[in-house]
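Two complexes are shown next, each including chain A; its partner changes from chain B in the first to chain C in the second.
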Partner chain A sequence: MNKVIRIFIKDSTLIPVISIVLGLLIGALIMLLGAYNPIRAYASLIEKAFGDLYSIGETIRQITPLIFTGLSVAFAFRIGLFNIGAEGQFIIGSVTAAFVGIQFDLPWYIHVPFAVVAGGIAGGLWGSLAGLLKVYRGVHEVIATIMLNWIALYLSNYIVKFFLIEPGQQRSRILSDSSWLSSSWLSQLFDGARIHYGILLGLICTFLFYVILWKTRQGYELRAVGYNPDASEYAGIHVKKNIVRSMMVSGVFAGLGGASEVLGVFHYQTIHSVFPGHGFEGIAVALLGGNTAVGTILGAVLFGVLTFGATGMKFGAGVPIEIINIVIALVIFFVAASGLVKAIIDKVKKKIISGGSSLPTSQDWKKGV
Partner chain B sequence: MERQTVIEMRNITKRFPGIVANDAVNLQVRQGEIHALLGENGAGKSTLMNVLFGLYQPDEGDIYIRGEKVEITDPNVANDLGIGMVHQHFMLIDTFTVAQNIILGSEPKKKGWRIDYNKSVEEIQQLSEKYGLRVDPHAKIKDISVGMQQRVEILKILYRGADILIFDEPTAVLTPQEIQELITIFKNLVKEGKTILLITHKLKEIMATCDRVTIIRRGKVIDGSLEVSQTTPDELAAKMVGKEVKFKVDKKDAVPGHPVLSVKHVTAYDNRGIKKLNDISFEVKAGEILGIAGVDGNGQSELIDVISGLRPVASGEILLMDRPIHHLSPRKISERGVGHIPEDRQKRGLILDFSIAENMVLKNYHQPEFSNRGFLNYKKVREHAARLIAEFDIRTPDESVKAGALSGGNQQKVIIAREVNHNPDLLIAAQPTRGLDVGAIEFVHRRLVEQRDKKKAVLLISLDLDELLNLSDRIAVLYEGQIVGIVDPRETNEKDLGLMMSGGKTNSGSWGA
Partner chain C sequence: MDSLSLVSDLIHTTIVFATALIFASLGGLYSERSGVVNIALEGMMIIGAFTAAVVTYFVDMQLGGSSFSPWLGFITAIGVGMIFAIPHAVATVTFNANQVVSGVALNFLAIGVSIYLTKILFDGSAQTKTLDSTLSTWHIPGLAEIPFLGHAFFSAYPTSFIAFLLVAVTYYILFKTPFGLRLRSVGEHPRTAHTMGINVYKMRYLAVMISGGLAAMGGATIALTTTSNFSHTTISGQGYIALAALIFGKWHPLGAMFAALFFGIASALKSVFQVYGITDYIPVDFIFLFPYVLTILVLAGFVGKATPPAAIGQSYEKGH
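After this line comes the complex of A and B, so read on.
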């Protein structure tokens, strides 16, 4: 029991929770300024996200890609790399899966895994490009991945235009249904929502994320390099190899996300004029989740619920959808400015302490007292 | 003559959850004296100084500065009271000049908005002359030595008008020569009426510089205001640690055997491409400790790196048990039987965010004992660590504690446990006792001698001449990337070594003898 309490008063848990609360509160204030009713707005947000089976299915659909990109960013973070490129890896994954889905005609039990794996591998290779550039040419991964995002976007558009185009449309032909990750059975279970088996793949990836980092030899090396490359080199760990590998795994997660989205939701690849944005949202998800497996899921759920539920706010309370972007931005802001939140936590704790109880302050946690 | 008391801390108590860092501590410092605050790591010295400097607020007790009761709520208040602190880790901006660093935050202005550099340089020169702090105001911080950087730190607080100067372990990063110069600077400062409070655990320095000493052990004052002239290093050590401490390491005469490590005509360059090892040759034999003496920066780091495989050899060869190792990876070299206690334990030796257990297998996590089909057996890893923790008396609640949460001495014990547990033929010990307290130093020294007595070779690289003279069976002096002489510690002394280290005298009669 004590252990459970400890988890909840730990900073790594408290800070995101308080950030979310602060974000929602300030969002409410902004709604009040605009003469909207925040209670009704949030109520209709929840209603929209969880009101019926269809909504729940659609919310899960919204959450699914965020799990993948969140894992992607979190994994690279663990090795000390900032992967802005989940976006590009996601696109490469989806276009590769679309290519396999359109150009091949196979029985579903071969076609689905083939398309999924192809998307994952393509995303992984795309990610490792940034790793190779960093290791052999000293290009910072932030720069490399931003550039590779644009290359991925236009490469995808090129492939769609020249190989997969549906005449007269700004998108590819429909994937042959033997490659779909969705099924009418699952969809009907949720009143026709576009929920698909990608969510299972996402949960498996989350499990793998945990196992790789915390149970395997490779994960030990990766974490060592992430915490201290000098000591890793001294210990005989090949730092460069590990950087490339981590970018590859990170890319695989994002690529699988792209594959799952195209195979599960759209069944075609559009010609994008702007980034779909799942990769960028993944950065926020990873940040909120503290780069942990469970945290990433929770982060993805939060962002999925907020973005999907936002449409409900418009109908239920007349609040513009954009308000939810302000709330999300505020949550990210408070997580990023964790020092600010920590100061608030410490003040509250001090009050509790002087009231007789003795909860340790966050500074003491840091010291490991 | 009784001098005025400038600092008086009365019954200072500072608690952290689970620990009383300062327990009713009293400290009295007189005008114009050098007062030492002596205690082991974790005794509460730093907490007390942070209270004085306004970084912590005491739970109980009062502070009086020049007889007046004060509330030091933050470091700015301390500055206004004329208290300045030179931290162990310097707070300087590398790419700024000396003058820019000194005036930072209190720049002299011309016409109200332009920084008056000429005036500041002039003022800095006046200060330098007054206190004998030679610096070039126009040099950039990154281009000057650590000793110089420390002078800049001192000038920085003098420039702000401090007359009570706190030094936190000021000699930890200095060479013997620089320490001598710092002591001269201390004397100059005191002559000009400044008061110095010195935080240290080095007894020799206290004996050489201080007037009085306050000893803290486990948060309590053991002896307040002891006159240094009335005491001995042995008494100080006993009071600091709470038991008798041996300074001399008991060791039998060495019985050197066959050569374990042979370095032959090795040349190597540093990261900037400057030649740091120049055709260097020497041997370390089984059953001996070879000490490497030298002023910091004469090739020590590069020597350690080439032997352990972290830096390529430009020419020459390195043999371990007659087999070449200079082309091998760090891991291969370690597996051939080289243990390495790195000079920077936090940067190289440990992963501070890893648990003790994870750190204990840093070198051999990949071996079948811990690794099976790509999976790490964390149960075995923990058991392995628990065994070493018991064997090496590492003070920690358990093996899951992060290495970063341990004291310096216990961190070093973790490294030594890991490196000695391999039972290596050659143990490289680089600055193995830097920053450790007396008790931990004794432990490290004993372990090194134990390795030697087990017929293993030990290469000891240290800037601490006492340590070299005490432990080594032979001392090789490194100067500008070459061995300028190998001497028998029983037939030499600090002065002779110092001369050789500065290139003044060579003793080339006994190459590799």
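After this line comes the complex of A and C, so read on.
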């Protein structure tokens, strides 16, 4: 069979694609029930996301943090850990970068890398906390990271209120512009959109993600632990160290994302009453992308387009933008409940192909998993 | 204001805040005792708060303000919460989906659906109108007249009395009835339970649905007693605190209740402190993050040891 076709009917490709289609279809159905025109809504979503240079630039800005948090969640998944804490690591990264950006006055070629690295390291340390708790005290990382998210949120608010506050505002002072990741030429290229160097940093991180996982001994160990911790331990791999390390790297990705967002887009840190949400969206991105480098980019693009384009649906078709949250939730749900999607695929396949066929059935899929 | 009044005020406010947490953590208890992780408590609370607020508002519009409408809202919320929990059961019990991922999806779905519908029902506004009628406090005749103690313990919202009653009921169901034994057995050792003729799938479906109903009661409580409307900030983290209370309470109804009360104090301190101006000395943010730090310390074994149900997080497949 043709190699290209094979890629498309592999379940690692087919399930995300069908989940997206199902999510969008049910979203359309919900819009129909609310007496909205789904075709016009989706058309205006596309129009909003890609209509002109400015929109494309803003869409890329929206995609940028999702690349970081997607990588963060995906990296931890590789060792079998579920990092729900990308949200908190993202916040810690951004508040640290904001702190460096405000409290220091340095030439840009020192200030920018300093702020970025500080954000990354802070996120990494925050992430490794969950790893340490798991390894030494047996705390499940899901619960630990959920709690650490909230601690990060309030800690960041405290730091802003007591060290960085702009009097009378619910946010910090503006970062000195020597620390900004903003790029005037990129911005001009896209008609003044707030696209910034963070996207380049994100792509570099994606490349590093690939290299660390597939081209280094460390990456081999991480993946080995992910497949089978007991066998890895027996083979002489230090499992505990690897767990802490992977949580740290995972946190670094999320922290860099937070730094990139505050240095590139906002130039101040807000006092959050609710989570910014990029970390949670990162879970969706990683899941959809099958925890691979390329998949993460694709997932980030999809969710970036959906969330940014959603504002267009409001103007174009009057649909409340929350419909996109519903669609995203449905997509995550279907990817998670892949058994459900497989059952649907099998039914469809049986209808299309009657009689003997060489196409894989769900039984073959089970063997592969 | 003297210190006795302050304490009395504090206890009163603690019970108000703790009520919703008790409902939701009892909800988490049923689900997790049956072996299904439920981080969708937050989403289920959102759905409960939304349903309660909307139903109460529209019944009020039809009938005029009445003490009947918030109760109708409360009861509808339970039903809708149970229905909303079904996808979680379908995904995790029938299709072996990752229980955490499914919970994350449900939380996304809850906020999406509730705000989407709010905007449709209230002309594009992201919050419901303020409710005319909400649940009013009950004063237990006689006891409520006792100085200080009466205000602290015997005059509270009806939902608080229901919550405490449900703690006792849950304790009884879980530890004194065959149903409870079956529920716990599928959470500890599903295969053995299955061998003994217990329908693991059915038990887990039921547990997840009960969980949804209870968490929705928690959300409804907040909408009907504290905020008097529904918006995207009505439920902001209470579901996760309830989860923390469940763990801190070591997956036991009484433990969860005491943990919920304890975390209720944290919230109550914040609002009482603000009234009395003490927040100038202790930053509010530290009061906010306290429950979460404590939960981590508990889990890490620095403050007692919590052992989760043995089969938690594991899906069960017949004949494997």
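By definition in this document, the second predicted complex is superposed on the first by the 352 of 369 C-alpha atoms of A that agree within 3 Å, B and C clash if a C-alpha of one lies under 4 Å from a C-alpha of the other, contacts with A are read in each partner's own complex, and residues count from 1 in each chain.
Convention: a contact is a pair of C-beta atoms (placed from the backbone, for glycine too) under 8 Å apart; a residue touches a chain by one contact, two chains touch by 3 or more.
Since we're looking at a predicted model, the values are computed, not measured.
Shared-chain residue A:Thr311: touches no atom of chain B or chain C. When the shared chain is aligned, chain C comes close enough to touch A:Ile326, but chain B does not. In the superposed model, A:Ser183 makes contact with neither chain B nor chain C. Residue contacts after overlaying the shared chain place A:Arg223 against chain B, while chain C stays out of touching range. Contacts of A:Lys215 after superposition on the shared chain: chain B is touched, whereas chain C is not. Touched residues of chain A, counted separately for chain B and chain C, are more numerous for C. In the superposition on chain A, A:Gly236 makes contact with chain B only, while chain C stays out of contact range. Across the complex, chain C meets chain A through its residues 37, 39, 87, 90-91, 94-98, 100-102, 104-109, 111-113, 115-116, 119-120, 124, 232-233, 236-237, 240, 243-244, 247, 283, 285-286, 288-289, 292-293, 295-296, 299-301, 308.
Those residues of chain B that touch chain A in the complex are listed here as 16-19, 308, 310, 329-332, 334, 340, 342, 347-354, 358, 362-363, 365-366, 371, 374-376, 378, 401-402, 404-405.
Residue ranges on chain A touching chain B, taken from their complex, read 215-220, 223-224, 227-228, 230-237, 358, 360-361, 364, 367-369. Those residues of chain A that touch chain C in the complex are listed here as 30, 34, 82, 84, 133, 137-140, 142-144, 146-148, 150-151, 153-155, 157-158, 161-162, 273-274, 280, 283-284, 287, 320, 322-326, 328-330, 332-333, 335-340, 343.
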